[in-house]
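Chain naming follows the written order as A, B and C, and within any one chain the residues start at number 1.
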Amino acid sequence: MKFLFELLSKLSVSGDESEISKFLLSNILERSKSWKVQPEIYFGEEFHDCLLLKFGIPKTAVFAHLDTIGFMTRYQNQLIAIGSPEVEQGMVLTGKDGMGDVICKIIGDDESYFHDFPRGIESGTRLSFAQNIRIDDNFIQAAYLDNRLGIYNALKLCETLENGWVVFTTYEEHGGGSMPFLLRFIQENAPIRQALISDITWITDGVEHHKGVVISIRDKFIPRKVFIDKVLRLAEKSRIPFQVEVEAYGGSDGREIQFSPYAIDWCFIGAAEDYVHSPNEKVSLRDLDSMIKMYQFLMKEL
Amino acid sequence: MKFLFELLSKLSVSGDESEISKFLLSNILERSKSWKVQPEIYFGEEFHDCLLLKFGIPKTAVFAHLDTIGFMTRYQNQLIAIGSPEVEQGMVLTGKDGMGDVICKIIGDDESYFHDFPRGIESGTRLSFAQNIRIDDNFIQAAYLDNRLGIYNALKLCETLENGWVVFTTYEEHGGGSMPFLLRFIQENAPIRQALISDITWITDGVEHHKGVVISIRDKFIPRKVFIDKVLRLAEKSRIPFQVEVEAYGGSDGREIQFSPYAIDWCFIGAAEDYVHSPNEKVSLRDLDSMIKMYQFLMKEL
Amino acid sequence: MKFLFELLSKLSVSGDESEISKFLLSNILERSKSWKVQPEIYFGEEFHDCLLLKFGIPKTAVFAHLDTIGFMTRYQNQLIAIGSPEVEQGMVLTGKDGMGDVICKIIGDDESYFHDFPRGIESGTRLSFAQNIRIDDNFIQAAYLDNRLGIYNALKLCETLENGWVVFTTYEEHGGGSMPFLLRFIQENAPIRQALISDITWITDGVEHHKGVVISIRDKFIPRKVFIDKVLRLAEKSRIPFQVEVEAYGGSDGREIQFSPYAIDWCFIGAAEDYVHSPNEKVSLRDLDSMIKMYQFLMKEL
């Protein structure tokens, strides 16, 4: 949990993932000593701010995005969105520009909003929700559970994983852009036919807290039925709690697998959160636990 | 025609094309004995639910999509669209879930609609329009002429085709996703520079029944003028009836050729239908005949 | 300037870039004799209507699009947009169809508009704004400065360029489509990790005439921060006037680099114009001068 807290304290608005990526790398270098299998690690300018771990002989890859939604400053104290953050008067934002640390509040509404920082902020500065982590017996609540929990899940998986890719991606919240070159690298080095998206989804009229990890039958995009059926059969067999999701909207790194020049099946599997893309994202600890167990199970069985 | 009727009776909502694909394969294995040239057949998990036929030394590929629009069930008897079906109170839908066959009606309107099946239907079940084929001397009317007629046309072409790819794709109605890996396979095995999209378009203020197959100068996307000019010159020469289309909206498998990493020209050529994406799609038999003749002509001359 | 005037007089609405491409090629063949380094030239059907120049050993590529927005005729004297042109009653359009030259006016408004040419115009004919070039000491004003000035800038760069790709692209105004195959060709022949987009942007509340070339921190898409920071550091060092842009909308050839299967950083750098996509696009000559100098500087230093 200490590690999750550290992870939650990092800023990594889309396009600016270099710091979290380095943090993750140093963490992996240290932790991996106790992992069952030592992965090959791919990192560096050639991969922009992404990071790939190859365990054994992969059949399946797990993708977890490093970036978060956020804001960018522009002229006349205006803020524009990166990804699609919830916007409410009074929300506290933090960041840093060439003149130093920034902490300010949102003024205005969804249509047009501004910061109230006394001095101007340099144009192009990224701002994030001020972090505020709350945990009790049932829930964790914080900014950026999407996708810190997806990263956390992927790292827990690494502890026992024997075969598979674990890949940390960038830009997911703002249309994507790293998946295409990551997929090319994977397919040219140790190709796969299956992928799981380790990410956080939404509480809706059909998806509730404490009902288990969510296996998504579709969001805006539709994975291939034969693969989803296979995943669901295994999930049943696992006896780990899960629920299915059928949504008309939303997307994930799965979108870029769907449209890639490789025939790779994909499925989104993750815990659901309330208060999406706000400073108060809320996830059931039991659902997180199911998520971790489901990944460990599926990566063996798929 | 018996074969067309069989084809029209299959369900293959986007993402669930495995059955029609197998039906097509077995049909091709049998029919191909009488074809002028025996094609190489590519099929199987490596190609998901797609199917490729390579005749001789290809210069041009023909693409016909296997999938149809439809619906997916979700919580509380809600239906959500796959592709963009017409929705009208009372339309009859069919499908199958783990508990057996489903036949039900649509309740509600375009904004929010439901099924009226007495028992619940498992979340994530695909439903299709109930089929009702009507033929007279002038027209065929049925659900899913888009794109059963495109498939039918492609198979008629196979009878006499000497050189070319004939490719059956998936997912077209819901944003695509198979074209990128199919194009990569084609370009790495027997590359082409030209493609024709065997699909059904719309009756509009400029496109009428019985005026011949439609050659599309543009839809939402715009193929390269030099290629369209070449196709139109050949079409003139053929003396087969055709009409041109200029639309601002709509798309096809051509979209993914346009955005592929290969310099491949493409053109949409197909009969036009009325009552698009409804159970009552209606196509002129003369236009279908022009379509079949035009493909046979162009695949020799292009 | 004579060359710029010639360039401004050519028609090249998206999808119909074959003529301007040939004009450019013959111009390059002649001019290149006086260039510092002789580039390798890639041109012809294999590249559709695009053109690539390879100087020395490239680390960075410059992309300039050849196409312009415009209109296409269809049934009943209707016009539909190619790209997103400004539409105003009375604007003069020119073009050519099978029956000869066309010159006409726009009737109607943004919602639905028509041409007033006495005879019909063949469906599928492309029309462009009638050209009207105005120059004084401070400004150039004309149709299609976007992207004739980007092309002009790229050609000025060629005079002294030692290492780098200079690439002329098509389709940019209408969703793109040539970048993917150009990038593949580049990466398979003389790969790069950096790209600059030589294009024209917009005057906004934060971007003014005479304040220097614009370096864009984002438009609808967001380049990687570490690369933008590097460009900005160099721009500071250059002492050439520049301003930064932070926009929520708009796109460029950079979009297709972002989503390409290669880890290539990109940055949009170009002068800003007023009266975007109208016959009266207006650019400061000083900003154009900064653009030319900035490219020469950056292509040495990056």
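Criterion: contacts are C-beta pairs under 8 Å (C-beta built on N, C-alpha and C of every residue); 3 or more make two chains touch, one makes a residue touch a chain.
Since the structure is predicted, the reported quantities are computational estimates derived from the model, not experimental observations.
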Among line, ring, star, complete and other, which one matches the pattern of chain touches?
complete
For the two copies chain A and chain C, what rotation in degrees overlays their C-alpha atoms? Round to the nearest 5.
120
Approximately how many whole Å separate the CA-defined centres of chain B and chain C?
36
Residues within chain C bordering two or more other chains
260-261
Which positions of chain A touch chain C when the two form their complex?
14-16, 18, 45-49, 72-76, 80-82, 123-124, 126, 170-171, 174-178, 180-181, 183-184, 260-261
Contacting residues of chain B [partner chain C, same complex]:
193, 204-206, 217-218, 221-226, 228, 244, 246-248, 258-263, 265
